[in-house]
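Each of the next two complexes has chain A plus one more chain, namely chain B in the first and chain C in the second.
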Partner chain A sequence: MLLMVGGVFAVLSPRFLTPGNLLNVCTSASVVAIVGLGMTLAIASGNFDLSVGSTAAFAGCVTVSLVQQIGVALAILAGLATGATVGLINGLIVTELGVPAFIATLGMLTIVRGAALIYTGGRDIYLYGQTQYKILSSGLTPVLLALALAIVLWFVLQHTRFGRHILATGSNAMSARRVGVRTSLVLLGVFSIVGAAAALSGLILSAQVLTGNGRLATGLELSAIAVVVLGGTPLTGGQASIAGTLQGSVLVAVINNGLNLLNVSIFYQNVTLGLLLLGAIALEALRTDRRRTKQLTTR
Partner chain B sequence: MDEIQRVPILAVQNLSRRFPGVLALDNVSFDILAGEVHALVGENGAGKSTLIGILAGVYQPSAGQVLLDQKPAFFPDPLSSQRAGISVIFQEFSLLPHLSVAENVFISREPRHGLTVDWATMNRRTQEILSTLNVEIDPATLVSELAVGQQQLVEIARALSAKTRMIVMDEPTAALNEREAVRLLEIVRSLAAGGVSVLYVSHRLEEVFSIADRITVLRDGRHIVTERRSAITEQRVVSAMVGRELVHSTRPSRTAGAIVLETKDVTVDGGLVRKVSFSLRRGEVLGLAGLMGSGCSELMEGLYGLREITEGSFLIEGRPVRIVNPRSAILTGVGLVPEDRKRQSVFPDLSVAHNLTIGNLPRWFWAFPGLLDLAGERRKTLDYKRQLNIRFTRPEQRISGLSGGNQQKVILARALAGNCRLLLLAEPTRGVDVGAKAEIYALIDRLVQKGIAVILQTSELPELIRLADRCIVFVAGEPRGELCGAEITQEAVMSLATGLSHRVTVDSASLRSVQ
Partner chain C sequence: MRILQTHKSRIPDAPATGSPINQVDWDLLWERFGTTVVTITIWFIAGLSTPGFANVDNFVSVLRQSAFVGVSAVGMTFAIIAGTFDLSVGSTQALCAWVAVSVAKVAGVFPAFVTAVALGGVIGLCNGSLVALVRIPAFIATLGTMFLINGLTYIVTNGQTARFSGKPFVWWGNAQVMNLPVPFVVFLGCALLGAAILYRTSFGRFIYAIGCNREAANVAGVPVAKTTTLVFVVVGLFTGLGAMLLGARLYSAGPGLEPGFELNVIATVVLGGTRLAGGRGSMLGTVAAAILFATLANVLNLNHVDAFVQRVVVGLVLLLALSVEGVRQRLAEYWSKRVARIPQSSQPLRGDQL
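Here is the complex of A and B:
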């Protein structure tokens, strides 16, 4: 699928296969992949996080505003901590107040977006001459970060007790509690990771333009969910495909980039992403439906 | 009734159905007479569901044919099967909960005035059909407000409204309580008396023997026998189902050891269960019995930390313990096999191995409790596979592909892998077929012999008698009496449970009966 789409664009646009363009594709794929990897964990645990776009923007603003005062490294840590904290709050709303993740994170989507705008006073924060911060988005850094995160999360899911507990909680939370899994703690961990991942992609985005902007990464939550679903992780929880999410991210980035090169308007790109998402979900529904008819539990 | 003169309304001839990797039906032939109650029995995986699927138009046969009134019939889709007069009532109902009873009965066949639905006629005709079933339900009630038993009656009413000649019922009493079940059996009889044939699919042999005119047994997709009820014994049906003579095992004599658990005046959740005191020794099985709502399940949940123990004390091996959640129960050496396998114990998306080890994940290295030893996990799974005779092909296989009995064995293995001293078994063989049931009993015997103490909560009296050394009978949250060894009989348990001092005759071996 990916090769096919890539091939079509390569034929249609001579600029598609240039090294510069491919790096662009990789960078934008990495930004979505990093959030998408966090989202994979959330979906595997039977949850969602709709607040990732806002979290990315907020974390970007926090970091950019702090670079001058505390230096790049500490500012980056502060940004990631901001993301993790937002995630933790999401988790607490879900586990302690019992609000479904969909609603909880939808609320946080607007709250955090608002917080980012309040924090910046609605203005852009510019960073002049901070070439050190630019490293985060230049060259292969985003790709390496995405790959590193993918490897870490894959390891967590395959080889750690925490990973196993995530899958168990997502598959059947009631059973998980009965075998002694502390499902609330598991979800707090998952939401914090999602928040930190969202923050990381927010930092990359803000480093690209050396600007803190409260309106950054609008709609990122939908692309993130799209790449997870395209990658074959079912929305019902209990399963996760890290490699699938990576592939999904590259596919979405290739399509957006190709359409850009062909001068297709951004509006049509939005339509394409939506159609892709619907197609992926319909395909998944078809698969599970077929499995069900096989077992003949429903008509 | 003179069966010889009746004609077959439907016959299957040399029917086969192949799925990738399995022959689900293998050359099956039998027929169903007009006005007959024909029972179809077999263990899970015997091919019953596939056969139903073919009659319902969900599957197509790979070979062979279905004859309707001695003429070949084809059901390429569910609609054509319904048009031919066959109604299938699946285990999971297909009613729409937010619509009324009448709307469900007449769905997609609503009587109309021109373009609008003729509500008056629809409600009146629903009422008529319900009254032929002797059922008092207001046709305007929403289905979601009905009890499960009533919903089933609505399914039957829907079948009747469509001029049905044959109704296929898949495990119709699985979700019903005893009173509803008795009622359903009466209705099945009256349907048959009215000329409708019923294919009654069940593995509850008592029911089958109480209503079937003829019984057909399938095993491994093959037809084993079709016989008139009067001409076959329950014993023969069972051995036809499992393919061998089941040794009717009895409770072995056991020697109890030191006291494992002692409770004093335990009260659960501020009074759901009150003042329970007992002690339990190593190598002993204590049964908890009672009708629905008697508090047995609640006591089990209290012992496992799923409900709060508000009063009383709880000693394990002489030391007082506080169990506040499942985690602390596990840490004190208590294991649980939950009552509802699908909702409370299985992880359907995870593999057999992951399901088995989830309660006690093997460490890769002792100093790193967070890292898993995947090779060790695989080994452990194969070990338990051998020990408990669990049937699966690979440890990585998803558990949802296993039969109920094998899933339950995985859950038992999970409890054992936790090295518990006290094992709580809630309905350990619910939804498990006859063969696996016997194996699970033998397994429990072995565990007990090794010194594990077991508390067994079951609504099946034969199971209680087979396994329990002692038994406490609960009524409305209070212990009403204790029975020991040979004193545990169906009559004794029922008379305590129902609060009757005189002996009652028990024609049903189930405690789910009277409510």
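Here is the complex of A and C:
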């Protein structure tokens, strides 16, 4: 599918296959992919995180404001810690207060967005001449970060106890608890990872423009979920496809980039994303439907 | 009314605590009337502490403000009770509002009303078919149509805002009838209609049944696919109506009308005590929650609270309201464990023994 779309654009537009353009595609794909990878974990554990867009903005602002004072490396760590803390709070609300993840993270979406705007006072924080921070978004760094995160998360899901516990919690939280999985701890871990991943993509976004802005990454949460679903991770939990999420984010980035090169109005990008999402899932739903009827008839 | 309940079987997760027969069920009470009580309390406190709150003009503006989210929330209450929800209402609202304003400009108020509501209904029908017939999970289906309609709105409007300030049209958004703002009257009418459908028709009972247990409803002969489709049509119809009111209020409408509207609507319904898992919920709660959100915004504005801080407060209120039950259950669990250490003369009744 991805190769097909890429091939079509390569034929239609001579500029598509230039190295510079492909780098653009990969950079924009990796920002969504990083959030999407975290979200894959959340969805595999049977939850959502709607607060990722706000978390990305908040972490970006925190880091940008600290770069001047404590240096780039520490500021980046502080940003990631901010994200993980927001994620931890999400997890605590879900596990300790018994609020459904959808509502808990919906509440946190407005709260964290408000916090980011209060922190910046609604103004932009500029970083003049901080070229060191720019490293985060220049060249292949975002792509490498996304790939590294993907490999780590894949390893965690496939080869560690924590990963198996995530999938067990997602497929049936009650049974997982009965067989001794400490589901609350698992969820706290998952939400912290999602928060840190969101923060990382927020840092990349803010490094691209060397600006901290409280309104950064609005609506990122729904694009991230769309990418995960497009990659074949079912919303019911218990299964995860890390490679699928990567492919999904590259596919969306390729299509958006291709449409731009072909001078198609930016308005059509949302239409294609919607159609793509519905088409992919409808195919999937029809296929499982047929399988189910076949099972019924053979039985 | 199941306020005086006999056993705790409705939460399968909960341990069978030894709750005596005829004990008041605080969870259910809180769920049914919590929001209403909180809203009234806030009105009292605000009336005493905030100068400028307790006067007719201000009440009118609060009630008017509650209507625009409220009308859509009436429809969303149906969807959430049925165990689904609709993320596309924000996009639908923008498209319908633009269509309403444009049609009002050329054809008048009544055609504008009809087209906006009908368009909402058609969009709802599409959503419903995707969910009920193609069997795409509601979250993904309406997420897809959300992007789709959002893009379509930009294409159709070319990114431009439509404006119209004809008297008969803007009357619907700005006028008052007997000191009550027109949008609020429409909102109340919608809520009454919605309550009548939910509580007094077989369609309403089917919705509760599907929300409680889809499979069981199907086995019992409830037309699940048809009812689910109709639920989405209802959401679309109410959203179309609310969109027309908002267009009339603003004298204009364009794409990107109200970002995050869908999440506001869902938050309102859930704050009103409707369970996101489906099967339980009330129209009174939705009305109270819509007024509560409008009141909060108004009181914070009157106290010169920063707009950014307001977002934090709104999120906190949502989280607080929804964690009350969890916290109470935790305390009860803890308490019953302590009581259990003391030897009891009577055996606690389990749910399956009753």
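Just so it is clear, the second predicted complex is superposed on the first by the 287 of 299 C-alpha atoms of A that agree within 3 Å, B and C clash if a C-alpha of one lies under 4 Å from a C-alpha of the other, contacts with A are read in each partner's own complex, and residues count from 1 in each chain.
The criterion applied here is as follows: contacts are C-beta pairs under 8 Å (C-beta built on N, C-alpha and C of every residue); 3 or more make two chains touch, one makes a residue touch a chain.
Because the structure is a prediction, the values reported are computed rather than measured.
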item	value
Touched partner set for A:281, first chain B, second chain C, both or neither	second
When both partners are placed on the shared chain, which of chain B and chain C touches more of chain A	C
Partner chain(s) touched by A:229 [first = chain B, second = chain C, both, neither]	second
First (chain B), second (chain C), both or neither touched by A:18	neither
First (chain B), second (chain C), both or neither touched by A:131	neither
Partner chain in contact with A:174 - chain B first, chain C second, else both or neither	both
First (chain B), second (chain C), both or neither touched by A:268	second
Chain B versus chain C as contact partner of A:159, first or second or both or neither	first
Contacts of A:97 with chain B and chain C, given as first, second, both or neither	second
Shared contact residues on chain A - chain B and chain C	174, 236
Interfacial residue positions of chain C with respect to chain A in the complex	13, 87, 130, 134-137, 139-141, 143-152, 154-155, 159, 259, 263, 266-267, 270, 276-277, 306, 308-312, 314-316, 318-319, 322-323, 325-327, 329-330
Chain B to chain A touching residues, read off their complex	19, 49-50, 52-53, 56, 58, 78, 88, 90-92, 94, 304, 306, 325-327, 329-331, 336, 338, 343-350, 354, 358-359, 361, 364, 369-372, 374, 414
Chain C-facing residues of chain A, complex	50, 93, 96-100, 102-104, 106-111, 113-115, 117-118, 122, 174, 214, 218-219, 222, 225-226, 229, 235-236, 265, 267-275, 277-278, 281-282, 285-286, 289
Chain B-touching residues of chain A, taken from the complex the two chains share	158-162, 164, 167-168, 170-172, 174-182, 236-239, 293-299
